[in-house]
Every structure is written in C-alpha cells, then in structure tokens.
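Here the chain labels run A, B and C in written order, and each chain numbers its own residues starting at 1.
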Amino acid sequence: MEVQRVKLGDLIDRFGGHLIGSPDIEVCGIAPLVDAKDDQVSFLSNAKFRSEASSSIAAALILSEADDQAIGQIYTGARIVTPHPYVYFARAAQHFFDLNAPKEEFGVHPTAFVHASASVSPRASVGPHAVIEAGAVIEEGVVVRAGVVIGRGVVIGAGSLLHSNVTVYDYCEIGKRCILHAGAVIGADGFGFANEQGKWIKIPQTGRVLIGDDVEIGANTCIDRGALADTIIEEGVKLDNQIQIGHNCHIGAHTAMAGCVGVAGSAKIGKYCTFGGAAMIAGHLTIVDHVHISPGTLVPRSILEPGQYSGFYPMAKHAEWEKSAVILRNLSSLRDKLRHLEKSIKSFSEKSL
Amino acid sequence: MEVQRVKLGDLIDRFGGHLIGSPDIEVCGIAPLVDAKDDQVSFLSNAKFRSEASSSIAAALILSEADDQAIGQIYTGARIVTPHPYVYFARAAQHFFDLNAPKEEFGVHPTAFVHASASVSPRASVGPHAVIEAGAVIEEGVVVRAGVVIGRGVVIGAGSLLHSNVTVYDYCEIGKRCILHAGAVIGADGFGFANEQGKWIKIPQTGRVLIGDDVEIGANTCIDRGALADTIIEEGVKLDNQIQIGHNCHIGAHTAMAGCVGVAGSAKIGKYCTFGGAAMIAGHLTIVDHVHISPGTLVPRSILEPGQYSGFYPMAKHAEWEKSAVILRNLSSLRDKLRHLEKSIKSFSEKSL
Amino acid sequence: MEVQRVKLGDLIDRFGGHLIGSPDIEVCGIAPLVDAKDDQVSFLSNAKFRSEASSSIAAALILSEADDQAIGQIYTGARIVTPHPYVYFARAAQHFFDLNAPKEEFGVHPTAFVHASASVSPRASVGPHAVIEAGAVIEEGVVVRAGVVIGRGVVIGAGSLLHSNVTVYDYCEIGKRCILHAGAVIGADGFGFANEQGKWIKIPQTGRVLIGDDVEIGANTCIDRGALADTIIEEGVKLDNQIQIGHNCHIGAHTAMAGCVGVAGSAKIGKYCTFGGAAMIAGHLTIVDHVHISPGTLVPRSILEPGQYSGFYPMAKHAEWEKSAVILRNLSSLRDKLRHLEKSIKSFSEKSL
C-alpha cells in the first residue's frame, strides 16, 4: 500500500505551530530522532536529546522555542516550533496513522448476528461473528470487531471502536469515541454476597456501567456493573490492560491507571489522578482530584489531599532483603529495646547529675 | 416491560420473617433506604442507619428485632423482622431480579456450533456463535451465552450460566448452578516445565479442573488444569474477577477471593477462608479452614492456625515513604547500632557499679 | 478410546538413557511414584522420595545414577538411568500425551471466516467461528481453535497452537511451535498518551509484537504492540496466565514469568531470567541475563548484576503486622531517637574519660 504524504504546511494548518522552512516539503510519517528518515518528521521533547536532534536527518523537527534557540542553527531541516512538542507529536502521529489505516467498511459482516430489535447505524461496521443482542444501539461510525458480544439494550456511542472478543453486558452504555481493547469485559456482576452461616448468598447486581466519552479501556480489563446504583467512568479516563474496577466505583474525568491496577467496590476516585501499575485501591473510600499513586502501592483509606502517595517494599538483593525482613517482623522488639535504652540513659543522667 | 409486583405475604411465605403490616401490600423491587420509592422494599442491616430508615418512604422495611424495637414506632411502612436482614435482602432482591429478568429461550441458536456427539438438554439455551465440542454434556437449565467455547468431553451441570466468551478446555467439569463470567478460562495448561540447561521443556498438563456446585467465577479469571492430578474447586466457592488459580490447587468449600488474587500451583486452601484483593499465595503450601488474608498480602508459607494475616506496606505521602524505605533497606545497620549502644550502656553500668 | 502402549526400548531410542530391564516391556503412561500402576512409568527426581520409589509398583522408573545406586537393588521394576530424570519425565510424558491426544483435523471449519486474501496451509486446522483477516498467513501444522481472531497481515508460524478466544491484532508475528492459551491478547495498543493540560492525547501505537519460536503464553495474558518500534519476545520464553507486557518491551530468550506479573513499557529483560508470581517491573529499565525476581517484588530500577532480588512485606498475624506497620511508618523517628541516644552515650563517654 502506498504511504500517504503530507505537506508541512498542512500540519501547521491542522495543529498550529510556527514553521521555519518550506510549507511545501512533503513528509510521510513520524519517527524517533535517530530512526527518522529524510522524508519523515521527528520531535524533540526532552532537552537532553538535543545532540541527537541536531544530527537527525529527519525532514523536519517538532521542538520547543527553547530547544529551537539552542539547536535551530545546527539542525539542517525544517522546524515546527510549538510550546508542547510531545502533544504535537501525538496529534501528528495520529494524523499519519489515520491517513494510512485500512478504511473500515460500513455494514454488518454476513457472519455477524444482529438481533432484529437492535439498531445498527448504516455508517457503523460490525465484524465477523460479532453478536448484537436485542435492543442494542450502535451509533454512527462505531467499529465492532470480530467476536465482540454486545448485550441487550447496550448503547455504543458514535465513533467508538471495540476490538475483538470484547464483551459488554446488558444495558451498559459506552460514550462516544471510546476504544475498548480485546478481551475487555464491561458490566459483569459485581462481587456481592451476603454471608449466612459461612455460605454466600448472591446479591443480584442490577446497576449498569456508564462510560463517558473518549475513554480508552485496555485489553482484558474488567469493569463491574453496580449492585443497585451504577458504576461510572467519566470522560477521558484511560485504563491500561488487566485492570479490575469493582462495582459502584466512580472514576473522575481524565484519570489514568497503568496496567494491573485493582479498585475494590464503591471507591470514589477524583479527576486528573494517576495510578502506577499494580496499585491496589480498597473499597468504600474517597480519593480527591490530582492524587498520584505510585506503582505497587496499596491504598487502604481515603486520600483527601492532592499529592503523591507511595507504599511498596524496596527491592534488594535477596540476602539483604531477608535480613531486613526478619528485623521488620520484630520491629516492635527493636523499638522496645530502644525505649529500654532511653530509660537507662535517663536514669544514668539523673544519677550523674 | 412491565415490572412484576409481589405481595409482602408472598415474601414471608418464601423467605420467612415476621410481618408487621398487611400481607396484601404489593411491592415491585428493592432499593437502598434513601432511594426506595413507596412501592419498593428497603432494608436496614446496620444500626447506624436507623435515622435514614425511620424516614424512608419505602413500602416495607426488612430489619432486625433490635432495630425494630428502636424505630418500629417511628417508621410508617410495613416491617419484616428477621434475624439476618442483609441475607433476607439478598434473597428478596434475587427474587425480584428473577421475576423481571428476560426469560432465556431454550434451544440452540442457529449460529451456534454443536458437535454431533455433544449432548445438549432440550431445556438448555445455547447462544449465538457458541461452540460445543465433541462429547460435551450440557445439562438442563444451563445457559451458554454468545461466543462461549466448551471443549471436548466437558460437563456443565444443571442450571449453570456461562456468560459470553468464556472458554472451558477439554474434559473439565462444572457443577450445578454455577455462574462463570465473561472471559473466564477454565482448564488452560498449568505452568509446568522441566529446565534443561536453561531451556524449558514442557510437561504436558493432563489433569482436569473440577468445579463443585454453586461456584461463581469472575470475569477474566483463570483456573488451570492439573498436571497429573486435577485442580479442584469445592462447592460454594466465590472468585471475583482477574484471579489466577494455578494447577493442582484445591480450594475448600465456601472460600471467597476478591479481585486480582493469585494462587500458585498445588496450594491447598481450606474452607470458609477469605482473601482480600490482590493477595498472592505461594505454591505447595497448606492454608487451614477459616483463615482470612488481608488485601495485598503475599502468603509465602503454610498457615496452620485460623485467624487474620496481613503483610502489605503501609501507604504514606511519597516523601515520608521514601525516608522510611531508605531506613528499611538498612534496617540491619539500625539494629547493629542499637546492639552497639546496648553494649556501651552495659559497660557503663558495670563500670558505674 | 484405547490407550497407546509404548515399549521401554522405544523410549530409550527416542530420549536416550541407560535401560536396566527388558526393552520389550510395554507401558501406557507416566504417573507419580505412589499413583503409578504396574503398566506405567514413574520417575524419581528428588532423593528424598527414594523410599516411595523403592516400593513403587510402576513398571519402570526413571532415575539418576546416584539414586540408582541407592535403590536399584530394592526396586523391582525396570530402570531408566539418566542424568536428568525430571527432563526425561517431561519428554516421555509429552510423548504419551501426543500419542493419545485426539488428532486435529486439517482444514477450515465451515463456520470459520477466512478472508479471501489470507493464506491458510492445507495442513493447518481452523476451528469453529475462528476469524482470519486479510493477508494473514497460517503456516503448516498450525491449530487455531474456536473463536480465535487473527488480524490483518498476521503470521502464525508452523506448528503453533492458538487456544479458543485468543486475539492477535494486525501485523503481529508468532513464531513456530508456540502455544497461546485462551483469552490471550497479542498486539493491543500500548498505553501511550501525551498530557495536554490534564487531558490525554492518544499516541498511535504503530509497532508490532514479534514472538519467537517455542514461546508459550498463558491464558488472558496481554502483550502490547510497540509505539513506534516493536515489542519483542525472544524464543523459548514462557509466560504464565494474567501477565501484562507493556509496549516496546524486549524479553530475552528462555526467560520465564509466573502468573500475574506486570512489565511496564520499554523494559529490556535479559535471557534466562525468572520472575515469581505478581512481580512488577517498572518501565524503561534494563535487567541483565540470569536475574531471578522473587514473587510479589516490585523492581523499580535496572538490575545490572545477576542474582536473586526480593522485596515483599513479610506476612504476619494481623495484630503483629499492625504493630510493626505503625512503627515502620515512623521509622525515621526511631532512627532519630537512636541517633540521639548515640550522642548521649558519646557525651557520657567523653565526660567519664
């Protein structure tokens, strides 16, 4: 397939920035500083790579004002000066990607099953062996890939992309321009049981999952439906792979979670938060906006002040770890000895006075 | 769809309890104290919500004897007095749910594939694009949703529900009234290899997974088949999402595990245990009945005494954590200094005597 | 189904070893020492089980020279003496397994969908409702089970086995003789976003996943495609279930990871490493060959020296843990008190001199 070429002037028209060089230069993609070819664009988003940028053979370089002043005279290609080169890179890369992506064909694949009462936009794409159950609504521009199962009464907002083998349970709603990666499960029952003399009596999970616009959900990530009320994921949330979100959680807009994070039920998490990989959040707590949790940290209680929070055991060579772990287990005896010493010292002091 | 109404007298007939009020009052569902409408039931399972209960407009309230004595004169609706209001709520909620759930249609969907040698009860439901391989047995009342794959010789016990895109490998057996959520994988090969000069030689995994009655398995949870013997999950076990159970594990009846728990191979876990989210259990160990593991805790060795066990790093503001983590890594030097001080003090004492 | 029988002499011809006993003895499988029947083989791979081996009724025993000298005169069956009995067991067990496994039928199941431009070897097997997209190549001997989705331009190397409901995204490549377990997702987008005033701008993930020969990938494990370059899994790597591998990672040959491990993006991991369950690896770091990480350990930085590394909180009874956790949170105050005491002692010493 021939790669689509783009004029630098066209990038400026779309994404802004100040161009130093000819707007008629044609480029066909974006690549890191050292890999970029002479018909590609590259970008400098960290001043420590200025020397690689200076010697890059890329046709054009996206960079900040400060970096342009430092290396603009050395680098020989065109320059696009912008306050946020990394954001500019992301937008331009997406543009090149869209230009060259295989076009989705509208329509329902003959092997797909669409219930008679479901509504699929004629401008949506439903892949092989996908299943759209009764009453579901698939809006314009939606792409449902192979093997996806959309339950009864589900709504998939315009422009969303569901990769293969995703499952969306009955009555959940997905916003516009969302991306759900393969194997994601939206709306499975929350983990709710009453205990009767040791046995677990199931509490039916009758809430839904409501997902806002522009949310991305990673492969094999699960978001449980609410018990009575709904589980809510606000717009712009980004969840990586293998994440577990319990029932009745509420995750604020533009919060991002790295892989393997777990959130227990009824956690209320603010906007603009970030969670490092494998962070684990207890249920029935509140985390305010702008909280950042380090990887591997268990959050056992509410966090009511923005900032970064951590709590993982520092790695060491096994023998060292073993030594400190033994002492850690007996930390109270260490403290008791210390207290005893303090008393001894005190009595000495008193005696010697 | 019209919501089915139920008389309070009918609830009493089914689930017991002492009714104060008219058995002819009709209700149509169950809701929390503050959300319940005047044709719904609510429940009080924690005395601290007595004031919300008193002012609830619910048509009826499920509550304990003690709570009834406290607020029975204030609350204006009917009351159902029972020793375990939360269990009663679970049962009643399930009843309302079943009444209003869309009825599953018996029969095999025309797009499903059922091998000629498989046996599917005429009173079972097999969804679109489901696959039932050779020799599998699907008993009465089973619901197999879209995209489920049932391997050769598998048995699915009466009344079980397999949500979309579940995979059950060859020869595994699922009990009666089980629920398997979307993406769950039952019977994949255990992780077994012999190491020959650095390379891994696969050990075929020829055991099965045997799952008892009334087990619930969460979305994307995996239970590996045994290496030579079987992996066994006893009746009433409840597993949340994203759990990993290694080969040859044996999990005792009515044990419950929250999301993201991992259990390494050949662990023998007792009955009535609970595991908090992301707890990790080493292999080849024994955990007795009635053990409770806190979230995020790694269990490295057998636990032979009932009780609660914990082991996760306490979360703190990042700067505080960093300070204590540095000291933790050198805990043995702290201890050595303490010992040195003890000696100094001792020598002082002796001198001063 | 009748079980295939094998002569001991045939095992020796295939896998070597020194046979003490008749090569014409026929056996039909392999089993642990105490379970083996008199027409099965067993193996002794740990000297502490010599007494069980001595009294085993197995038709033949695989054991080391040293163990043979210890018990060869007591045990009454045939013996296969080999330097690595456990490896021999693995190979022999695989042989029995292959002999008795149901033969895969070549050909594309009538319910599968294969795009006209895809190339499927006539000696490959494509199961019910599987999907092979445009331009994909399925080599000889490949088995694609039910519900698998193979994206555009994917290559599946000869002899590989893809279990049900696996998803392979566009343009990824899988080597020869690989095994991918159910629900595994290969090539989903890496987690890459630029942040613009709190909002996340997606960076298209245009690299691939390249998987070498003889790799095994567990159920529901995810390997993300690279952002610009590729994610690379070298030959012989073994990944257990529920693992997450971030974009642009490079995992060296014959490295093995137990269940629930997470590896953040751009980690470069050496050959012959092992990772215990739920180990979590930060991104943009290097781990050299022959590094072994204990379960539950978070690796926050590069490891440039082979050896074993650990870092998990030691489990204790809850009350004990709570006590030590409180002290741990205030470890710096403990240290400060110690320093204070040291000074006091020092001033005493000086005074008393």
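One rule holds in what follows: a residue touches a chain if its C-beta (ideal position, glycine included) is under 8 Å from a C-beta of that chain, and two chains touch if they have at least 3 such contacts.
Since this is a predicted model, take the numbers as computed values, not measurements.
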Check the residue numbers that chain A and chain C use where they touch, and answer same if over half are used by both copies, otherwise different.
different
One copy, chain B, sits on the other, chain C, after a C-alpha rotation whose size in degrees, in steps of 5, is 120
With chain centres defined as C-alpha means, what is the inter-centre distance between chain A and chain C in Å?
26
For chain B, residue numbers touching 2 or more other chains are 111, 129, 147, 165, 183, 220, 242, 260, 278, 312-314, 316, 328, 334, 338, 341, 345, 348
Contact residues on chain C for chain B in the complex?
31-32, 35, 84, 86-87, 89-91, 93-94, 96-97, 102, 109, 111, 127-129, 145-147, 163-165, 179, 181-183, 216, 218-220, 236, 238, 240-242, 254, 256, 258-260, 271-272, 277-278, 295-296, 312-318, 321-322, 325-326, 328-332, 334-335, 338, 341-342, 345, 348-349, 352
Given the complex, residues on chain C that touch chain A span 111, 113, 129, 131, 133-134, 147, 149, 151-152, 165, 167, 169, 183, 185, 188-189, 191, 193-196, 198-204, 206, 220, 222, 224, 228-229, 242, 244, 246, 260, 262, 264, 278, 280, 282, 294, 297-301, 307-314, 316, 320, 323-324, 327-328, 334, 337-338, 341, 344-345, 348, 351
